[in-house]
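If you scroll down you'll find the structure; I have some questions about it.
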């Protein structure tokens, strides 16, 4: 029995939706263990989401409709992106050619934009501070993302994510190319910035002055807060999937629509995401948070690495 | 734009060369004298690893000897000499420069891009290894020049010169891989002599000017 | 056999200076200098034929010209140093000074004699480090500054030179295979099959890299400082011999790359660098206030002239270049020695305070005027002959506008030098200034002797160069132009 392609595509979105909070919970647990604590249970984020959906939601005085629409827009974007990137399969799925990789990053940026506008809409000081900080740092990481995308485009000769993945997996020498490795490193650094981990932001701190991304969601409550929290967990998982399936370890994907390969693909994907999460946690516990003005240097280092990646492949043939 | 990848050997060699270049950029951004010297030690280690790797690939024993010697000299002896001077100079801890690290890094990036471009256009035929390795060697030399120009203390300038020699040795691995061992050893020992003299002059400078900074060396003009 | 002796004597004596008492050290230094000069002269007859070979040493006519220059300056500096180093200086200082002087002279003589581009690089690097240490031997603030600038810039230039060596090795692999000794004989006889791209790149890098040590603009910035702050015998060796030996390296690269790259490219590069150096030096000479700095810029000027001479390409110009190397060694050495005596007498380098030289220094003042005239290419001194040959060669083959600009710039430099010579030597000291209070005496006799020897050499080379020497020069030009040497 084979699943129809659009069913498989629905599975892709479903995998991301269902397992994203679980990955977050797993990362929190590992982080706590590394710090010597017992930590929350792995399924805690699901319970948090359930609790939040049951609470009432409030909006600040003077906030417009955008404040309430933004979490929905963001969630919708995060539901769309898994349609475009190779999550479970090596072959293209319908609607997979709806957007290329630039389109995918545009949709992610749209989500961030919506949340930032909502945060600015509130008029509260901390959320506005978080919104402006996030936008600034996103502006700095955009060139890095672009150069990473250019590198992958040069490496594979296409900008469709599915075709990119198949080129990368074709041989060992493709994986070892310096341009590829440099682009991976740059993307990893961008992921650290976008998912707000050390050395950019303390993930679990409650100190508002140090917050960059978390401060944006301070004013939302109830189901909207739940959607935002779910959305950011999904964004994290999507970025991890990009890193894994395009760059680092694109093996284990299903080559057909039969149930068993699909199931194996789901399981390996979740495990790989957890592995990346472990790496992120180790980095989290090894370094200290950078001061705010040093974050630009961090992003500049990522920019340097990504430009070198482009240079080596464009001018060096490597 | 090559969709066809270079061979795995090529790819690993290119990656190691790029790593050396990245360490060079790291030196540009280092804020402490000590970290700069340590980065130089790391850079020499990686460059020697490239020599050893090429020795494995081409089955040449001489390259192993070269790698071993250069690790002994450039990773151990030279940083020790320089670190001893830094320790003896007392208070000097940070680098001094005329540009912020970010500005210097941008300039160095442009210079490195130009080096890659120039190597691609120079028409040098490099058989066996991809042009990336030669391009990154020339980029290392160019960024080392930027380092020497931008910094204004003797230790940073000296370490910049040593890393320039590292860049030349990476280039020699690509372009002149068959050079007789005796010549390569002569280069290494000559570098060692130069390091000793650098050390002596750094000490003389420190004795005379009471500082490691060269920002005040403006007496001789015209 | 003579070769072997020549390349070891300076080094051995230098090492010996570290252990023997200072008086004996001076004596053996003079002995080493004179012996090196004698052995260099003895090489001339042998080198007119086939190049002499011994292991990794090689002496063809081109090398012998430069060995002669280096040997002459080494000998003169050795004699001068016995008067220069005051006997009351600490023994450690005297030992260090003489050790450095000997090792420097030894390295200068070895460099033209080694058979191999890589060994050449090593030899010139040794000269750099030794001379950098010697610039700072006096341990003063300006000397430390000058030594640091010199070492950094020259080493960076030699780093580029090393890169050039590697690229020319790569060029040679198309002829000799992947692994070969980079000997001069191999590279010179390789000729056109050398890979033109790599050779072109190697040539430009070599001119830039070794040109840093020659003192070509725009990488000359270390030269005025280093030559000014070094002690006088070392300044003389730096200006007279080290610049020439570095130029020898450039000449070898020209010789090797010319067949495959073509004469035009080589000539254009050399003319650009030469003209730029001449321009900067000439205009800097007019406004100098410091006596030794003046002479340092004059060295840059003459190195520019050397480059232009080779850039013109005519055989008579190249012969002029080689003769110029010899006479410049003698004349610049003379000038520095005189300047050293003047500075010792007047206690300062500042031209404004030095007046009335003819009254105070009966021997040195006329000799200083003579050496300045010699540097300006006055007849009957040798430099007139060599610059005449260069200009004649340029007019016959090279671009004539360049020759005209060259002559104009040389004249500007002449103005700068003569102005200083006349104001310091002829204008009497104003009463009441410290200069007027000096007595009429020479500081030391042994400092005069090398100047007299140098002047004699200049007159001989100008009026009637010995036939043997002219044979040597002819053979060198023949080899340089690609004849079988």
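Which chain is which? They are A, B and C, in the order written, and residues in each are numbered from 1.
Methods note: a contact is a pair of C-beta atoms (placed from the backbone, for glycine too) under 8 Å apart; a residue touches a chain by one contact, two chains touch by 3 or more.
Predicted model, so just to flag it, every value in this text is computed and none were measured.
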Remaining touching clusters (ignoring chain A, no chains moved): one piece
Which chain has its Cα centroid closest to the overall Cα centroid? B
Euclidean distance of C-alpha centroids - chain B vs chain C, Å: 31
Based only on mean CA positions, could you tell me how far chain A sits from chain B in angstrom? 37
Rounded to a whole Å, what is the gap between the Cα centroids of chain A and chain C? 66
Per the contact definition, I'd like the list of chain B residues that touch chain C in the complex. 122-125, 141, 145, 148, 154, 157-158, 161, 164-165, 168, 171-172, 175-180, 183, 186-187, 190, 193-194, 197-198, 200-202, 204-205, 207-209, 214, 217, 219-220, 222
Of all residues in chain A, those that touch chain B in their complex: 154-157, 167, 171-174, 176-178, 181-182, 296-297, 300-301, 304-305, 307-308, 311-318
Of chain B, residues touching chain A in the complex: 1-3, 5-8, 10-12, 14-15, 17-18, 21-22, 25, 29, 101-102, 105, 109, 112-113, 116-117, 119-120, 130-133, 135-136
Which bits of chain C are touching chain B when the two form their complex? 116, 118-119, 121-122, 125-126, 128-129, 132-133, 136, 139-142, 144-149, 151-152, 155-156, 159-160, 162-163, 166-167, 169-170, 173, 177-182, 195, 197-198, 201, 224-225, 228-229, 284, 287-289, 293
